[in-house]
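Next come two complexes built around chain A: one with chain B, the other with chain C.
On to the complex of A and B.
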């Protein structure tokens, strides 16, 4: 059941009414039942997959915590009888049990994810559970946090199950951390109109982006990527821009709906985007885009790998045999390579996603190597710190992201490369006959509606980027009649200009497939 | 503390590490800097900084980094 279906809207209305009318101690069970129902409605067999993940990680985390506690208690109890070395040896021996529980649970869950993904690639008709990448990463993050003793294990199976299955996050994330989400998710909430309306505002904004912009642009993008032999040359420029704008409206719109639903229920979820298309470099972009996934890879892959004993030994070797600088950079670049390889695979197991990951790694590494030159350039030329140069950096980053995004569209990398080259071929723009832009599934009205909607999104984002205050916070300073007018206008615009209706099969969210 | 300051200055000579309190929150140090810093600290202070120690609270200021080194030494 998609966020854009009538069934989902109906489910939300029933949930909101029940959530704030049932006794508060029933709110948590209600959310769990709703989440499991939502998941089962996609396919009842999916419950087996997510059930295995929930039970194994919940059980594994408790066993790890019990073992760690038992070791500490034993050492505490015998502190006067044991020497420092004996304590260390006992802790080391005892920790092996935790390592075994941790490794087995981790391998089982990542193994299921890998098997399902690879089987889906090899055979058609394979059952790929909804949001498996998202809930597996969220589960693994929880397991690592318990193993590291950064958080306490959740002893209640239903409570842990709700943390993993909470329905708004299942479609396309974000990948939530237990210590961020659980406190408000597992608490009781009174109805507060200001909190509820704030959530509804966010949901409405998400639907506006998804239905008015993303699903409208999708009609053009689908045509443009359907036939690489026809839509080349000038058309590729259209594909680059339209797909990147569609991806933005689709993913950020979906996350707006997710965070908005949580907010309306009194639950706090961390932001997944900070106005990514205002990024001044690719590194900056990856600090603003899909933050929950990037920070997951940073905290659970990049840091452990780059600070491991092996990396440190490698660093020492490089310092001795190559240079001081190489010693500092080698662990960083090696870990970064692994992270981008994994990020590519996370998005898809086909070669185009791996190439996409490697290209990101390449650009980021070259930028890092050139950073001393950039610094000198900025010191030497005053205009480099001015608004015009900043605008240039933003546009440059946007173009780069557009080019990288094209690797999402075609499984065959040769198609992508061929299309990019075709832009620069002589006469390539002559392929676009007069009126060609109106033959890709978008009418003049579609361009105007999507264009106006994008301008509204741009104005809102620019204002937030400039003041670092959300437009919703500014709106809250106005009296209710003003806020009501804004909500009505947004709702009306979404209802009139949104791509939906009876018989309309709304597109899936792009990130739903990962 | 002097040795720590030298390491920090080698990463970013232009940053006022004596007074800066938001090295991570204000994105003065990025993840690449953190790894280089951990590598240097491990080497110079002969300590083992675990991945679980790499959180903003432990790296937001020179004083917080110094406290982390002391804590690891005590363990």
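On to the complex of A and C.
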């Protein structure tokens, strides 16, 4: 069920009413039932996949925790009878059991994800289960955290099931951490108008971005990427910009809806974006874009890899045979390479996504290598710290992201490279004869509406970037009539200018396919 | 505390009312007005504007009824008080629900149903659905009509809140949308859509053979419903096929209708068979090359069916009803004004 379907909005209205009218102890069961119903409505067979993940990870985590506790208690009980070496040996032997539980659970869940994603339809005979990448990563994160003893395992299966299946996050994330989400998710909540209205405000903002901007631009983007042999040269420039803006409005809009729903229910979710198109470098961009995925790879792949005994040995070898600097960088770059390879695969198993991941790795590694030169440049030239140079860096990063995003659009990498080259060919812009941009599925009115909506989003984002205060917080300081006018305008604009209903095919969220 | 709660509830209620008010205004503005090019969408709702709905004859069907029979002629020449509940490409299930809807207000003596729609088992176009359903007043029959007409991608909520359907008209708005936000321009004369111009029927495309001439199950089901509804309400039913040359009416279809009519003792008139008797001249009596009658053709058809309604179905001559005659006088005046207007428009002497 799409976020943009009437059914989903109806489900939300019913949920909000019930959530704040049923006895508080029933709030959590209500959320679980709603989440499972929502998931089953996509395809009842999907429940088997998510069910296996929930049960195995919940069980595995408890077993790991029980085993860890048993070891500690045994050592505590026999602390006077055991020598330090005996204690170490006992702990090591006991830990093996945890490793077995951990490894088996991990392999099972990642195995299902890999099988479903790689074999897809051929193996399962059904579509890829909704949000499988998101919930598998969330489950694995939880399992690792329990294994590392940084969180306590959730003993209640329904409570754990809710953490994984909480429906707004199933479509496109974010990939929530247990210690971030669970406290408020598993608590009881009184109705608080200011909390509820804040959530609704965020939901509205999300729908505005999704329906007014993303789905409108999609009409043009779909045409532009449908035929690479026609839409080349100057058209590619349009594709780069329109797709990047569409992706932004689609993904951030969807996350606004997700976080807004949680907020309206009194549940706190971490932000997944911090104004990514204000990034001054690609590294900065990846600290601001899809934060939950990036931090997941950082905490559960990059750090464990770069600090593993294998990396340490590799580092030692590089220090001895190459240089001190190489010894420090090699494990980092190797881990980074693996992370970007996995990130590419996570987005899709086709070659274009792997190339996309590798290009990100390449640019980030080159930037890292050149960082001393950048530092010197900034020290030498004062203007490099000024607003004009900052604007240049933002635009440069935006262009780079636009180019990288083009690899999302075409499965055949040769198409993407060919199209990028076509921009610079002589006469490439003559392809776009007068009025050509009005023949790609967007009317002049569409450009105007999308343009005005993007300016509104830009003004909001600029203000937040400048003051580091949410516009919603600023709005909150205004009297109710002002807030009410803003909400009404947003609602009316979304209802009138949104792309939905007969004649339009409201699109899936782009990140839903991952 | 109590005061605060009451204040908050009041503010919430006022807020909701304001939002609903704004959305209502936006909806009124964005909904199609059906007064310029496509007027067919305004026909169904006009029925409710009739002060007295005690019509003796109700025509139901598509363009083959609302363009082919003149209720003014039926009144002037036979004193028959009739109304046409027609709409563009009205499907048989929509005819049934319109009949039920009509009976809520008044039970006529006769229902004249044009059987052309039997050929369609499902709706072919959401736009046509809208032109029939949007104008219906809310009742269980409208709900039934929406359900039966669904083309697959229609949602009930879009009928309840038409802004969800018509929001994309924001870039098509004209001054007409503002002018007719809260009023309606009458487009018919007791459901009759008048055209006075003529276009001879010269290039009628040949009929294409069909693989299967049998009507669909759903079409038969709703024909049964129309018949049963009339029987239960003691209404006489008359089937007609209007004298339109195109879309082609196949003999195989005609035979099925005849068999059904015979089975249930329902009179069936195929106007195509009696066109000569009526005196229809396809050079002068059609305005679109044989698809629909113009005023001249509609008058002839009314003159043909009038005596049948009176003699065989005992429809009364009500010209002695002073109040009714007075209301018809105004209608006749409007009708004649329209004739004059169209004659000037189409430059007809």
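Methods note: the second predicted complex is superposed on the first by the 505 of 514 C-alpha atoms of A that agree within 3 Å, B and C clash if a C-alpha of one lies under 4 Å from a C-alpha of the other, contacts with A are read in each partner's own complex, and residues count from 1 in each chain.
As a working rule, a residue touches a chain if its C-beta (ideal position, glycine included) is under 8 Å from a C-beta of that chain, and two chains touch if they have at least 3 such contacts.
A quick note: this is a predicted structure, and the numbers were derived from the prediction, not measured.
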On chain A, which partner touches more residues: chain B or chain C?
B
Who does A:45 touch here: chain B (first), chain C (second), both, or neither?
neither
Would you check which partner chain A:488 touches, where first means chain B only, second means chain C only, and both and neither mean what they say?
second
First (chain B), second (chain C), both or neither: which does A:69 touch?
neither
Scan A:474 for contacts with chain B and chain C and give back first, second, both or neither.
neither
Determine, under the contact definition given at the top, whether A:149 touches first (chain B), second (chain C), both, or neither.
first
Based on the superposed arrangement, let me know which partner A:6 touches: chain B (first), chain C (second), both, or neither?
second
Partner chain in contact with A:96 - chain B first, chain C second, else both or neither
neither
Chain A positions touched by chain B in one structure and by chain C in the second
none
Contact residues on chain C for chain A in the complex?
8, 11, 15, 18-19, 22-23, 26, 30, 126, 153-155, 157-158, 163-165, 167-168, 170-171
The residues of chain B that touch chain A in their complex are 27, 30-32, 34-36, 38-40, 42-43, 48-52, 54
Looking at the complex, which residues from chain A come into contact with chain B?
148-150, 283, 287, 298-299, 302-304, 306-307, 309, 311-312, 315-316, 327-329, 331-332, 335-336, 368
Contact footprint of chain C on chain A as seen in their complex
6, 193, 443, 445, 480, 484, 488, 491-492, 495-504
